[in-house]
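Here come two complexes built around chain A, the first alongside chain B, the second alongside chain C.
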Partner chain A sequence: MFNYNFRWNQALNSLPQMLEGALVTMEIAILSMVIGIIVAILLTVCRISGYRSLSAIATTWVEIARNTPALFQIYMVHFGLGSFGIHLSPYISLLLGIAFNNAGYLAENYRGALKAIPDTQTRSARSLGMSAPQAFVHVVMPQMLRISFLPMTNQMVWAILMTSLGAVVAMNTDLYGVTSALNALTFRTFELFAIAAVIFYVITKVITLSARLLAARMFRY
Partner chain B sequence: MFETALTYNDLMFLAKGAGMTLMVTAISVFIGTVLGIIFGVFRYQVGALWAMPLTFVLDVFRSIPLLIQLVLANAFITTVLKIKVSGLTVACGVLSLYTAAYCAEIVRGGIEAVPLPLRRAARSLGMTWGQDMTSVVMPLATRVALPSWIGLALGVMKDSALVYIVQVVELLKSTQILITRLQEPLFLLMICGLFYFVISFPIARFGGYLEKRWSND
Partner chain C sequence: MKSSILAAGLVAATCATPAMADKLDDIISAGVLRCAVVLDFPPMGSRDADNNPIGFDVDYCNDLAAALGVTAEVVETTFPERIPSLMSGSVDVVVGSTSDTLERAKTVGMTMPYYAFENAVVVSEKSGITDEAGMQGKTVGATAGTYEAIWLEEKVKEWGAGEFRPYQNQADVFLALSQGQLDATVSTMEVAQANVKTGNFPGISIVAKADMVPDYVALVTLREEYGLLNFMNLFINQQVRTGRYAELYTKWVGEGEPANLTIPGVYR
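After this line comes the complex of A and B, so read on.
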C-alpha cells in the first residue's frame, strides 16, 4: 500500500525502555500536580486574604501562567533562571515549569469553585468560634476541592501531555525524550512515535477513567 | 546591565517570528473552527452510537501530546507517503485538526444548551432544519460557546509554540535562535513572553467579560 517498509519489530524491541520513560512521565506529572495543588491553594488563600500585595502577586502568577505557552515557561525556568546562576537539571526544570503552569490554572479553577460556596458558610463557621484559617481549612477547602475535582482531572491530563515539552530543555528520560533518543539511533520515526502516541493515549485514558471511578466512590451521598 | 547586543535587524527577526505565530494560529483556528462546527453538529445530529468513530478520533487528538502529533504527521507525510510538503503545511494541518477536536466539543455543548422546546417550536412554525439551525440555534449557541471558543483560540496560539519541531520558525524558535547568538537568554525570553502576554491577556480578559455579561440573563 505504501512505498515504505514498516519495521515495527525494531521499534517494539525498545518498548521496555519506552515504558520506563512512561513511568518517568507519570512521576513528573504526579509530582507537578502535587506541587501545583499546594501552590494553587496558597495562591487562592493569597487572593482571598484581602492583603493587596499578596493578592497582586497571586494574580500576576495566575495571569502569566495562563497567558504564555507552557513551552516558554519551561524554557524560562531552565535558561531564564540559568542566567541568575541557578542551574537546574532538566528533570527539575521540567517539573517546576509544569508545576508553575498547573498552579496558575488550578488557582483559577479554585477561584471559580469558591464562587459556588455560599459566603454564609464561612460566617457561620466563624460564629461557631473557628478562626479564619480553621474555617478555610475545615469548611471551605474540602468543598472547593470537591467542586473542582473534574477540572483537576483535566489538568492532570494536561500535565501528562506537557511532559513531552521536556524536549526543549534536553530532558532525555521521559517518554518523549526516550522516544526521540531512540529515533536518533534508528530513524524509525513513524513507528517509534506511533508507539509513544499509543502509550500516551493509554495513560491519559487510565487517568480519566480512574478519576471518574474515584469521583463516583468519593462523592456519593 | 542595560546594554544589549540586540540590533534592529534582530528585532525584525523576532517580529517575523511573531507574525509566523499569528499566521499559523489564524489559519488553524479558522480551518479548525469550520471543521469543529461540522463535527460538532454531526455528533449532535447522529447520536452517540453512530458518532462513535468520530468521537474516538477526536478523543485521540485530545489525549496525545501535540508535539508527538506533529512529529508523527510529519514522519507519515514525508517518509511514509513520500509527499514533499513544507513544515508550515504540516503544522497548520495538525493544529487545525487539534483545534477541531476541541471545537467540536464546544459546539456540541453550545447546541445542547439550546432548549429543545424552542427548537420544536421553530420546526412547528414551519422552519426547515437548516433555518432552525441558522436562525434559532446558532445565535443562542454562540452566546454559550463564544467564551470557551476564545479560550480555545488563545490555547492554540500558545500551543503553536510547538511547531518549531517541523522546522517552522515562529516566535519562540526565533527567540531561541537569537539566544544562541547573543547569549542573553533572560532579556530575549522577557521580550518573547511579553509578546505572548500582550496578545493573550486582553483577549482572555475580553472572554472573561463576555462570560460574565452573558451568563447573567
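After this line comes the complex of A and C, so read on.
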C-alpha cells in the first residue's frame, strides 16, 4: 500500500531552485546538440569520404554511441578519462557524454537522410562546375538537414532527458541534481520528483512544439 | 433477540480485529522482516567474496529479525533510495545508517540512535591538505544524501569558495579522490579506515577527525508505526544492555569502545 501524505507547500518552496536547475538542464541539452550536430556532420563526411581509415573511425564512434548505455558513456568520460589524469568537471563530463551520444545517433539519422537524396543531384551539381565539397555543402547538406529535422528534435528531447544521468558524475546543478539534493535534505521524494517530472515534461513539450512550428515555417515551398 | 445482537457484535468485533493489525503484526504474521541495507558502505554493509551481504547493519537486521522470531531478508538499497523503498512498501524497515535529522523526521519515523559515527577528513595525497581548514576553496565531495555530504555542502556554501560534488556511492567518492578529481572528502571514520585498508584506492589518506557533532544514526520505518518503533527502541536498548552492540563493534569495526549512544543532560 502507498503510505504517504503529500505536503505540497514544503516542496513548492523549492520551486525557484528547481527552475534554476531546469535552465542548466536546457543549457546542457542545447550545447550538447550543437556539438553533436557539428560532430555528426563531420562523421557523415568521414563516412562518405571514401577514405577507409576515416570511415572506420566514424563507424566505430557510431557503433559505440548507439550500442552502449548513455550512462556508461558519461561515466567513462568522467572516471575513464580521469584514470588517465584528464580531469573534467561534472558539467563538462555530462556535456561531452551527451554530445558523444548525440553525435552517434545523429550521424545515423544523416546517413538515412542521405539515402533519400537522389545521386543525380550531386552529379548535376558537379556538372555545373561545383567541386565535391561545394556540392555537398550547397546542395546535399541542406536537404539532409531538412529531411532529418524531425528525428533531430527527437534527439533533442533525448538530450534533455539524458541530463538526469549526470548524477553518476556528481552533477548537482541540473534539474535532476537539484531535485535529488533537496530530497536528501527533506525526504519529500514523491512531491519533489513529481514537480521535476512536470518541469521535464513542459520543457520537452515546448521544444517539440516549437520545432514543429519552425519546421512549418522553414520548409515551405 | 438479545443473543443475536450479541452474536452480531461478536462477529463484527472479530472481523474488525484484522483491520487493527499494524506493521508489527504484519511482519510477525508474514514471518519475514525486509530490511533496506546499503551494501557499498563497509564495514556497515558490503558483500563478501560469495556476494552475500555482510556488515554491521546486516547483522543488526538479522538480530532484529531473530528478536521478532522471523526470517530476515536483506534488500540492497542506495542512500537516495532508502525512503522510496520504505514508502512504496518494498521494505519494512531501513537499517541503513540513517542520520536522524529533524527535517527527515517530518517524513519518517526514527528510533533512538543505534550507532554513532565520527567523521574523518580523507584527502588525496597530491592535494597536500593536512586538516579540516585546508579543505577551504578546494574541490571536495561526498556520497549524495548522507549526513556528511549535507554538512560538507553547507561548509562549501559558508566558505563561498571551492566546489562540492555529490557522488552516487561511496566507492565513486574514493575513486574520484584516488584519481585526484577530488582534493578531499569527509566520510565516517569506520568507512574511511575500511576503504583505505583495502588498498583499492591508492593515494588517499586519513588526515584528521572532522569537527562535527557525531553522526547519530537510527532505524527507520513509517512514521505512524508506533508499535514497531516502540519494539525497535526496546530492541536497541537490549542490544546495548546484553553486550551485543559492543560485540558487533569489535567484529566489524575493531578493538575499542563503541560510541556512547546516550546524550548527557537530556532524555530521549
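Assume the second predicted complex is superposed on the first by the 218 of 221 C-alpha atoms of A that agree within 3 Å, B and C clash if a C-alpha of one lies under 4 Å from a C-alpha of the other, contacts with A are read in each partner's own complex, and residues count from 1 in each chain.
Keep this in mind: contacts are C-beta pairs under 8 Å (C-beta built on N, C-alpha and C of every residue); 3 or more make two chains touch, one makes a residue touch a chain.
Please read these numbers as outputs of a predicted model, since none were measured by experiment.
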Next on the checklist: Looking at A:T204 after the superposition, I want to know if it touches chain B, chain C, both of them or none. Which is it: first, second, both, neither?
Outcome noted: first
Next on the checklist: Output check: A:N154 vs chain B and chain C. Expected answer is one of first, second, both, neither. What do you get?
Outcome noted: neither
Checklist entry - By residue count, is chain A touched more by chain B or by chain C? => result B
Checklist entry - Which holds for A:I64: it touches chain B only (first), chain C only (second), both, or neither? => result first
Checklist entry - Is A:G82 contacted by the first partner chain B, the second partner chain C, both or neither? => result both
Checklist entry - Touch check for A:F72: first (chain B), second (chain C), both, or neither? => result first
Next on the checklist: Quick check for you: in the superposed arrangement, does A:S55 touch first (chain B), second (chain C), both or neither?
Outcome noted: neither
Checklist entry - Which partner does A:P90 contact after superposing on A: first (chain B), second (chain C), both, neither? => result second
Item to check | First (chain B), second (chain C), both or neither touched by A:L185 | outcome: second
Checklist entry - Of the two partner chains, chain B (first) and chain C (second), which one does A:Y4 touch, if any: first, second, both, or neither? => result both
Checklist entry - Which chain A residues are contacted by chain C in one complex and by chain B in the other? => result 2-4, 79, 82-83, 167, 180, 189-190
Checklist outcome for this item: As the complex stands, chain C meets chain A at residues 79-80, 83-84, 87-89, 103-104, 106-108, 141, 144-146, 149-150, 153, 163-168, 172, 175-176, 179-181, 222, 224
Next on the checklist: With touch defined as at the start, can you tell me which chain A residues reach chain C in the complex?
Outcome noted: 1-4, 78-79, 82-83, 85, 87, 89-90, 167-168, 170, 172, 177, 180-181, 183-190
Checklist entry - If you look only at chain B, which of its residues touch chain A in the complex? => result 60, 63-69, 71-72, 75-76, 79-82, 154, 158-159, 161-162, 165, 172, 176, 179, 184-186, 189, 192-193, 196-197, 200-201, 204
Item to check | For the chain A and chain B complex, residues of the former touching the latter | outcome: 2-4, 63-64, 66-72, 75-76, 79-80, 82-84, 157, 161-165, 167, 176, 179-180, 189-190, 193-194, 196-197, 200-201, 204-205
